[in-house]
Amino acid sequence: MAKIYKVGILGSTGYTGATLTGLLAKHPNIEIVFLASQQYAGQKFSTIYSEYRGLVDIECSNIDDEAILNLNKDEIDLVFFATPNGIAHKHVPGLIAKSIHCIDLSADYRFKDLDLYTKWYGFKRQDQATNAQAIYGLVEYNREAIKKAAKSQTMIIGNPGCYTTSSILALAPILEAMADSIDTKSIIVDGKSAISGAGRKAATNLLFSEINESCSPYKLANQHRHGPELETFFSEISGKEIQLSFSPHLVPMSVGLLTTCYIQFTKETTEADLRKLYETRYAAEQFIKLLEPELYPQTKWAVGTNQAFIQINYDPRLKRATITCAIDNLMKGAAGQALQNMNLVFGLKENIGLN
Amino acid sequence: MAKIYKVGILGSTGYTGATLTGLLAKHPNIEIVFLASQQYAGQKFSTIYSEYRGLVDIECSNIDDEAILNLNKDEIDLVFFATPNGIAHKHVPGLIAKSIHCIDLSADYRFKDLDLYTKWYGFKRQDQATNAQAIYGLVEYNREAIKKAAKSQTMIIGNPGCYTTSSILALAPILEAMADSIDTKSIIVDGKSAISGAGRKAATNLLFSEINESCSPYKLANQHRHGPELETFFSEISGKEIQLSFSPHLVPMSVGLLTTCYIQFTKETTEADLRKLYETRYAAEQFIKLLEPELYPQTKWAVGTNQAFIQINYDPRLKRATITCAIDNLMKGAAGQALQNMNLVFGLKENIGLN
Amino acid sequence: MAKIYKVGILGSTGYTGATLTGLLAKHPNIEIVFLASQQYAGQKFSTIYSEYRGLVDIECSNIDDEAILNLNKDEIDLVFFATPNGIAHKHVPGLIAKSIHCIDLSADYRFKDLDLYTKWYGFKRQDQATNAQAIYGLVEYNREAIKKAAKSQTMIIGNPGCYTTSSILALAPILEAMADSIDTKSIIVDGKSAISGAGRKAATNLLFSEINESCSPYKLANQHRHGPELETFFSEISGKEIQLSFSPHLVPMSVGLLTTCYIQFTKETTEADLRKLYETRYAAEQFIKLLEPELYPQTKWAVGTNQAFIQINYDPRLKRATITCAIDNLMKGAAGQALQNMNLVFGLKENIGLN
Amino acid sequence: MAKIYKVGILGSTGYTGATLTGLLAKHPNIEIVFLASQQYAGQKFSTIYSEYRGLVDIECSNIDDEAILNLNKDEIDLVFFATPNGIAHKHVPGLIAKSIHCIDLSADYRFKDLDLYTKWYGFKRQDQATNAQAIYGLVEYNREAIKKAAKSQTMIIGNPGCYTTSSILALAPILEAMADSIDTKSIIVDGKSAISGAGRKAATNLLFSEINESCSPYKLANQHRHGPELETFFSEISGKEIQLSFSPHLVPMSVGLLTTCYIQFTKETTEADLRKLYETRYAAEQFIKLLEPELYPQTKWAVGTNQAFIQINYDPRLKRATITCAIDNLMKGAAGQALQNMNLVFGLKENIGLN
């Protein structure tokens, strides 16, 4: 009989939390112990998301419920934070102290440099020790670190942002292997995201009539928080100081995310060589699909899955590569990747509950 | 009493042609002499576009109708080509010879270099002399040339492409005034277009169920025809050889186009200085709206208008500017600009029929 | 020189108010004296609706501003209420007393029977006398009453609801002329509305991600306020007590409204006869387009116009007619019709500013 | 170890066929023997539907391939027809003769009365005997008949249409139990369908730019083929001659279907009584979700599932019930229901592969 792990979700009724809840409810090794929701405490999850009637009828509890924070290791194995930024860091140290694993889908545990975190997110932090032991949960790049750590310690995983995930999957093979051949200040990530990425909050600018039939950039030129998250990761993986431009855009669709990533080479290369690099790097990765020449990624292919679709283009005139990557922002960009991380933490097969 | 000019449209039932027809029907100085449509010849225009019932009930004639090609100067003043590429160049020389003005919304008269045209569009050309006298109809940059020529000669205007228009409005002030301060190979134009830009043809990949809820790039890395059109214009205006990356994307909306344009400076500048440059350059331009800081262009603002909305961002860390521009791809990106050109050709006020 | 009338709008920044503002700004006989907005007082109209930059840069004033309520006849000719229900009835009597015309786009002046109004809208009323003199502004049916009254009195017009307008245009010819041939309890109006009909309020259920890719009914079986508005009008025009079913639905689009109206005949008729009836009734109506057989109304044809597109179908097996009508919910369904009413009040040509 | 059944699909690359292929590929008891596609023969299924890369890489074969038609019982257990109307009836008799089960998702086996079929679909039929043994695959109403027959004979199942499925689930409980209390000519089904229901064919009227931001009826007043399909079923189940109005509409979304069904009672009833009737009738049905009062079905809840969401409203003034039902047109309305039927045919649990 399958071993069952007990998990809870804080922030279960946002779009990310709800996607995660849906995945966990179908996962053969998981029992959901609680679903917390500040806004909908006291209501059944399936009242807010009627598509889950008969599937997830658990009543949402209050995020500040003492009962949750007082849970012990034998009652719960892992807590997911699908909460707004600035909340996880208050609760994670206490849970870790009780040997309860944590996976944080917010930004709280994505930065080793807490000053950088505070600069971009505003919150002051008291949990230096906990933060130091957090692992950045981009599985395709940190799988071994996660697996190794999971054998000996209680885990805190900082689940990457959606734009970041797509950009890393698109560019990291080059940064990892060819850092000496690129202009370290040349990277431009032009992101196109569905509206669900903005969350489920009642705001005029997210109304259907405002978003529909329009496309728009926002926070251009080093004003969006995913920029420093990307620079941190790319600098680490390349061993160089990477500085880049990140340009997010809103596209009128519910789910899906595309990044168009530009990188300038300083030495000659070819599209064929780059393609070979990616094929090798991702040969064993079941959630990465490299596309043959002239087939471009469509976000809808990724929707509802944990897949990333990647295309590689290179213009020899300009020595510039254009790498495009499409994912589901709520899946590989958030909840799907969190589940992938959870599977690793529990020593399960990485794709359980993700096919 | 208003002077009336007589015009005809070839290709009147595509999206661009229909938008142009609608504008012309409401223009106080225009009489439509014919609407030609290969596909719908013999049907009323308002049968195909029912929104025009009672407004444009003209019967569409056949594009190859002798009657059209035999029209004389006293029967018609100007012919618009809203036809696929490769058609206008066969008919324009004959019309010009009869002193009938031509405005071509296809690509046929956008290139001084006919070899470049043939390389990208495939068609061989016999009309070198006519082509040599064509003017590129980006009004904000060629207004004086058009006005001057219109006084003394029969005009052939090559109306710019939609992506090109948006990109030129976004970047030309820098290329015009600061060509010595930029990296001539650094420009990247990341375009996001509505589906109407692909035209009104029965193709599986343009079906609602294929396009809806998806975003996708196409023809990346120097494979799209608007790349060389842009390079030609930018090289001319800057006096340098400009080579750039152009990356078009499809966004699930009917109308609207956004370009996100990146340019690398080699000398220090500031956002304030760039803003001043644009304010000066576009001070007298009624169809250009510069946005105050932190307000980003939304394509829906431009829909149904001839306006371009432009925002300027600059990252001093990287000496890189990000200029964004939103237009209606069928208006300022095609039919609206064609009308603007027509007004110039006839010596009318530039905004008649465009407000 | 054109005579200029001075108008003001309360509630100018909702979708209906903004559409009306746009129409008035382009109307050759209108000067906008004030735009009031509770939410955006102190901001320029064009800051909230950037598409109007350079066109409507008036600063919004506060709806409770004494200055507005103290305006005199020589400063203002007419006030539009594009406010939520329950507000107009407080201000209209005072304005009428100062001989300032009022057009109310809310429900306050749509009911002769104030008990019925209070039952459905909740607000108690003190303005019986003013209400008694209000005219229901469905122009195609009350034109003569409006024109006649406008010659001798200060006007208060109750502008019809969007669903109601579409349903009346679809069914009234039958109710007017064939009331003896129908089952008075058989009418069913199945309405499909764009989301802008729900207004511009920050509510979770109106978010893009909630509305997109979904269709849903609401307030079925005599629970929606447009039901009694319809019953009142149809009973009056037919001289019979009409009771009907009204079923509104939300459709994922920004603008447009379709009503599918069913009516049971008790005597034999034919589609041809019905068609003739409509052709006669609407022969002189420039904003009504009857469609030839087998062409069905598409809401997009009406978008941005004051037109209504109507199709007539009849099933002789069941003696049941199905009449469909498409309008722009913000135009003929609200602001366009309000302008049509204003033109009548001022004795202007009915279509000025509407083409 | 799970018993494996071998199946093939004709018409695998239409929207219905592709949805079915996806379901079958994940079904633990199924091996796909062939995927046939007239249009894409010779290409991998995952080339046409890239979301299935690595999941369904089978090469599509030609529908007329002798190899398929010559398959024997030991090579294949069941063939699905996801073909256009008029194709299945040519192949099914031969397959049945070889003891190969058939499930037809087209209309060919939905009518006992072949004259009625020919009247509406045009095709002449030679397979009276085979047709006589076909069972209409609306599982919730014909489950026992299917299970019983499956024990003793080779099965041909006529899978119901999408509109029909939704309408039957909405109305059949009343027709089954209260046929004496209703007006047999009063039923009106007002259907709202996503565009995928129109299939994957390159047609101008299905282009994104034509469909987006518009809503439209079609084939009103007894002109749509699902009308007689409904009348046949309802007449059978009620024992009365039912004649009804069916009004289909296109809604701008990719997937989902809503029917708003009206029925006139001749005797008094109450909403509570109707609710009780439905609760009892559907108590054991895992794919039917009855909604509590004031919660209305949203098509998006059903998308990607085999669920039907039903709400019951009753207006005692008019003795009229309004029953609404939302399904996924490609799932419960086509492929999902076909899989449900297949599970029954093979004696598997009904929900395998459907959760």
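Per-chain numbering from 1; labels A, B, C and D assigned in written order.
Note that a residue touches a chain if its C-beta (ideal position, glycine included) is under 8 Å from a C-beta of that chain, and two chains touch if they have at least 3 such contacts.
Just so we're clear, the structure is a prediction, and the values are computed from it rather than from any experiment.
When the contact pairs of A-C are matched by residue number against A-D, A-B or B-D, over half are shared only with B-D.
Annotation: B-D is the more contact-rich of the chain pairs B-C and B-D, by number of C-beta pairs in contact. Chain centres here are Cα means. That of chain B falls 38 Å from that of chain C. Computed from the mean C-alpha positions, the centre of chain B lies at a distance of 47 Å from the centre of chain D. In chain B, the residues touching two or more other chains are 212-213, 252-254, 298, 300, 303.
Residues 26, 50-51, 53-54, 212-213, 286, 289, 291, 295, 298, 300-305, 307, 309, 355 of chain A touch chain D in their complex. Touching chain A in their complex are the following residues of chain C: 15, 194-196, 200-204, 206-213, 252-254. Chain C meets chain D in the complex at residues 185, 188, 190, 192, 212-218, 220-222, 243-245, 247, 249, 251-256, 258, 260, 262, 296-300, 303, 311, 313-315, 317-318, 320-322, 324, 326.
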